[in-house]
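Every chain is named by a letter (A, B, C and D) in the order it is written, and numbering of its residues begins at 1.
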Amino acid sequence: MAVDVASVSAWLTAYAETIADHAAELTQLDAAIGDADHGTNMNRGMAAVVAALDKEEFASVDALLKKAGMTLVSTIGGASGPLYGTFLLRTGTALADMAEISGAQFGAALRAGVEGIVARGKAELGDKTMYDAWAPAVDAYDAAIDSGGDVTAALQAAAEAAARGRDETTPMVARKGRASYLGERSAGHQDPGATSTTLLLESAAATLS
Amino acid sequence: MAVDVASVSAWLTAYAETIADHAAELTQLDAAIGDADHGTNMNRGMAAVVAALDKEEFASVDALLKKAGMTLVSTIGGASGPLYGTFLLRTGTALADMAEISGAQFGAALRAGVEGIVARGKAELGDKTMYDAWAPAVDAYDAAIDSGGDVTAALQAAAEAAARGRDETTPMVARKGRASYLGERSAGHQDPGATSTTLLLESAAATLS
Amino acid sequence: MKKLINDPADVVKEALLGIEAAHADRVRVDHDNKVIYRLDAPRQGKVGLISGGGSGHEPMHGGFVGLGMLDAACAGEVFTSPVPDQMMAATKEVDGGAGVLHIVKNYTGDVMNFEMAAELAAAEAGTEVLAVVTDDDVAVQDSLYTAGRRGVGVTVLLEKIVGAAAEEGRSLQEVADLAKRVNDNGRSMGMALTSCTVPSAGKPTFDLADDEMEVGIGIHGEPGRKRLPLAPAKEVAALLVDPILGDLPYGQGDSVIAFVNGMGGTPLIELYVMFNEVRQLLDKAGITVARSLVGSYITSLEMAGCSVTLLKVDDELVGLWDAPVNTPGLRWGA
Amino acid sequence: MKKLINDPADVVKEALLGIEAAHADRVRVDHDNKVIYRLDAPRQGKVGLISGGGSGHEPMHGGFVGLGMLDAACAGEVFTSPVPDQMMAATKEVDGGAGVLHIVKNYTGDVMNFEMAAELAAAEAGTEVLAVVTDDDVAVQDSLYTAGRRGVGVTVLLEKIVGAAAEEGRSLQEVADLAKRVNDNGRSMGMALTSCTVPSAGKPTFDLADDEMEVGIGIHGEPGRKRLPLAPAKEVAALLVDPILGDLPYGQGDSVIAFVNGMGGTPLIELYVMFNEVRQLLDKAGITVARSLVGSYITSLEMAGCSVTLLKVDDELVGLWDAPVNTPGLRWGA
């Protein structure tokens, strides 16, 4: 297995492409219960990440992830900038000084990243945010590793769990983020952040092994 | 024959009703080459005239016409207020101190009114204004009287001539009034003022005799 | 029709009530005559400045009543010039013994109604009245055989500059001459992305497809001179600025007040984008922007679009522009 | 999408160029960081005031930079809060030794980005930073379990009042306390007749039928709390004022600054009609309008609609409101 600079770089590059492909869809989801910018936001941020990765050689995964996280913080703004930025920063920090990264270690790092999202955004399960995709995803990842799976299998499980979590946001009444302003009217719409989170994990499953 | 207080009052009252019925149409004509208010303007003015006539007893046709003219000046505004107001004021002035009004005298008074329109608005034939309906109308009136017709026949002829003049405004390129701002684009649209003028003469033919 | 109004017939009346309530510190309103007065009018010895026109162009003219600008503004029905009674009442009321200047935009209706008022006021009260007619819209061909050009954006700049001159105590003739000089040195052109809807008409004055714009529109929802495919701000700026520059003409070394005006439905962010384009075109032409004004000052109800006005200025005009003004719509130095 | 823009991705950049060109006498713009600064910032010994947020709300916030109001405004992408780098740069730049107050509207993104900036600025430069978060929108339920209420119209009034206090030389803590007091005494509610269109999205955020309106909207084109049939201004005013009055609550004998705000696509004439209705409702409730503000100051691109803000005031707040202010968007006494 190799969660290394090359594969993590491939992951983020693949995610940037996926985001570009789904930008209009994410913005449309955000129009329904937010302010119609989530696709544009993520696209601007991920394009900047790809540009940053192209410019620099990274000695370690953690350096790369921190750079990517800082780039998101500095280019997205809105809610998703600090949240995705913090996620990558914390994930990177958790991987600092590791020569090789095991599946379990990567899982712990992802969980640290998600804890960063919670620390920043204070979302709880059922609030209809990206956390509703992240929480089941990291649980599924750990469960897959615990039952002997490799990183690919664990990320596959995580992406599937995220997709289920994403789908479950649809009936929810939002309690965090912009959608919460709609009250009951937020029900019946899929959360854009949970959607972009699922795409991130799908990209991971396709590129990391 | 009797162009008297009662019949002139009936004329203006009938015109007010006609204007109310045609207000939307006049405004629509004005929307195409002007500012979409001619129907509203005429309707506001004629409603005020009817209210003024209801409030007062008039000793003479000229007093009645002057009152109606002042009322139009004071309530319409825009181009049509001074023009129709001046028309009635001058027509009234021309009829001052007449015990009985002959067909020829009424024709001369109408012509004086139309001269007032020209004095105020400086329109010439072919400028695509109400004058393109007025000019042939007073000529037709006089011709009918000259060939022995009565007031009704003369007004009938005037109304028909006005309608032809109105129709002829359609291909014209406006040189006066708001429609002139459109230049060549004003061609192909019937002039609203020529339309309301034709209605005024049709009301006259129906009420004066 | 989507508007924040009650009965369409009451729009002007109710807006005047709102203006009075919002700005009672500076203006009072004669609701019978629909005239907005400067609170301290008449000012003895000062030339009285009156303007007016159809409503629907707010803040013009009522929003320009106050220190350093107008003494009174007559509000007509929407897009319909006021009636002579209003101007007569205003003329008598603001006459402080130094005479009264009528500032009239060149529309047949406005000109005729102001003329009748001046005739009547002179006859009745003996007030000395002069008039200036603004006609700065280069979208309209200038010709002796037509109604001539419309008065648009220059009117705003003129009311400010001439207002300062009247405040200085200049004579009626001096103020009128200055007004003419301002009008002669200003040119404008406008465009629309959407039509406006006259409240009493209830539907848009013209229809524009999603990919079209009207160039050369006036401020009454009159259709423009031509319909063009929607274009980026850069091209729109050139469509408006080029005919203006060529008309006066303005040239290398000239100093101007540059005014980018919103038609009512266009937000400020777009006006700043337009101003950036206009400024670049002026830079390229070697024209200095001495002062600028960006905002919705002479509007056409909820029409989306903008107009550009350039006024060639010298030190005197800039000084008068900079002089204190305190009106609901334009305020500085006071 | 009908807008006076070039490439949608360049709207903010180009608007900032336009703002700089139009107001170079009062502000300068750091185009790399997209920050608008007061020309003479930092002012030694004065608390620095910074705000910022997504663009598309002009004149807020950039139009409120200048004497008696903000020292800097950070411009995010359209409807997207700025990033911490911008606020950090601004914080360091306006720090005149008396500390810096961040004025933040309560949106998850704005709050998080400002928080990160404050953490970083404190760590890096040692600048003392306090923050006030505005949350005055009564359309949103106030709850500990949600993101809480949005910051809307009160932000404008707060920036003016707190700006005057900072200009007076009050300490950071005093200025922050005052800001909190203003926020606590203000409430707002808004409605839309039409949606806005985010330039990069290219189509309206929501669809409204010709006979519908959205009540309880925010300033980002967020759909509102409910969709209702189009209603006359009188009913719209009640729909906005009643929930505000009941919330603080405001009552008999209170004095308020009454602010009727346009959302960007609504012309001034309609805002005056609305103000007339609002004032009547306040009269009926025995509430005195100490000061008023009518115009488009906190907008949502080209959205048609309005919001009402009431701020309960005492003599101190009125005095600070009346103090001189000289910004592109709000100016008096200077």
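Convention: a residue touches a chain if its C-beta (ideal position, glycine included) is under 8 Å from a C-beta of that chain, and two chains touch if they have at least 3 such contacts.
Quantities reported herein were computed from a predicted structural model and do not represent experimental measurements.
Engineer: Show which chains lie in contact with chain A and also with chain D.
Structural biologist: none
Engineer: Taking contact as defined at the start, I'd like the list of chains shared as neighbours by chain C and chain D.
Structural biologist: Output, common partners of chain C and chain D: nil, no chain qualifies.
Engineer: How many angstrom lie between the CA centroids of chain B and chain D, rounded to a whole number?
Structural biologist: From the centre of chain B to the centre of chain D is 54 Å.
Engineer: Take the average of all CA coordinates in chain B, do the same for chain C, and state the distance between these two points in whole angstrom.
Structural biologist: 32
Engineer: I'd like the Å distance between the centres of chain A and chain B, where a centre is the mean of that chain's Cα atoms.
Structural biologist: Roughly 75 Å, centre to centre.
Engineer: At which residue positions does chain A touch at least two other chains?
Structural biologist: none
Engineer: Quick check: what residues of chain D touch more than one other chain, meaning two or more?
Structural biologist: Correct list: empty.
Engineer: With chains as vertices joined when they touch, what's the shape: line, ring, star, complete or other?
Structural biologist: line
Engineer: Can you identify all of the chain pairs that touch?
Structural biologist: Every pair of chains meeting the touch criterion: A-D, B-C, C-D.
Engineer: Sort out for me which residues of chain D touch chain C in the complex.
Structural biologist: For chain D paired with chain C, touching residues are 2-7, 11, 14-19, 21-22, 55-56, 58-59, 63, 193-194, 210, 213, 230, 232-234, 236, 264-277, 279, 289, 292, 294, 296, 299, 301-302, 304-306, 326, 331-334.
Engineer: So in the complex, which bits of chain A are touching chain D?
Structural biologist: Touch list, chain A to chain D: 27-28, 31-37, 40-41, 44, 73-83, 120-121, 174-178, 180-183, 185.
Engineer: Residues of chain C touching chain B in their complex?
Structural biologist: Chain C residues touching chain B: 54, 76-85, 107-109, 112-113, 115-116, 137, 139-141, 145-147, 150, 198, 200-201, 205-206, 218, 220-223, 225-226.
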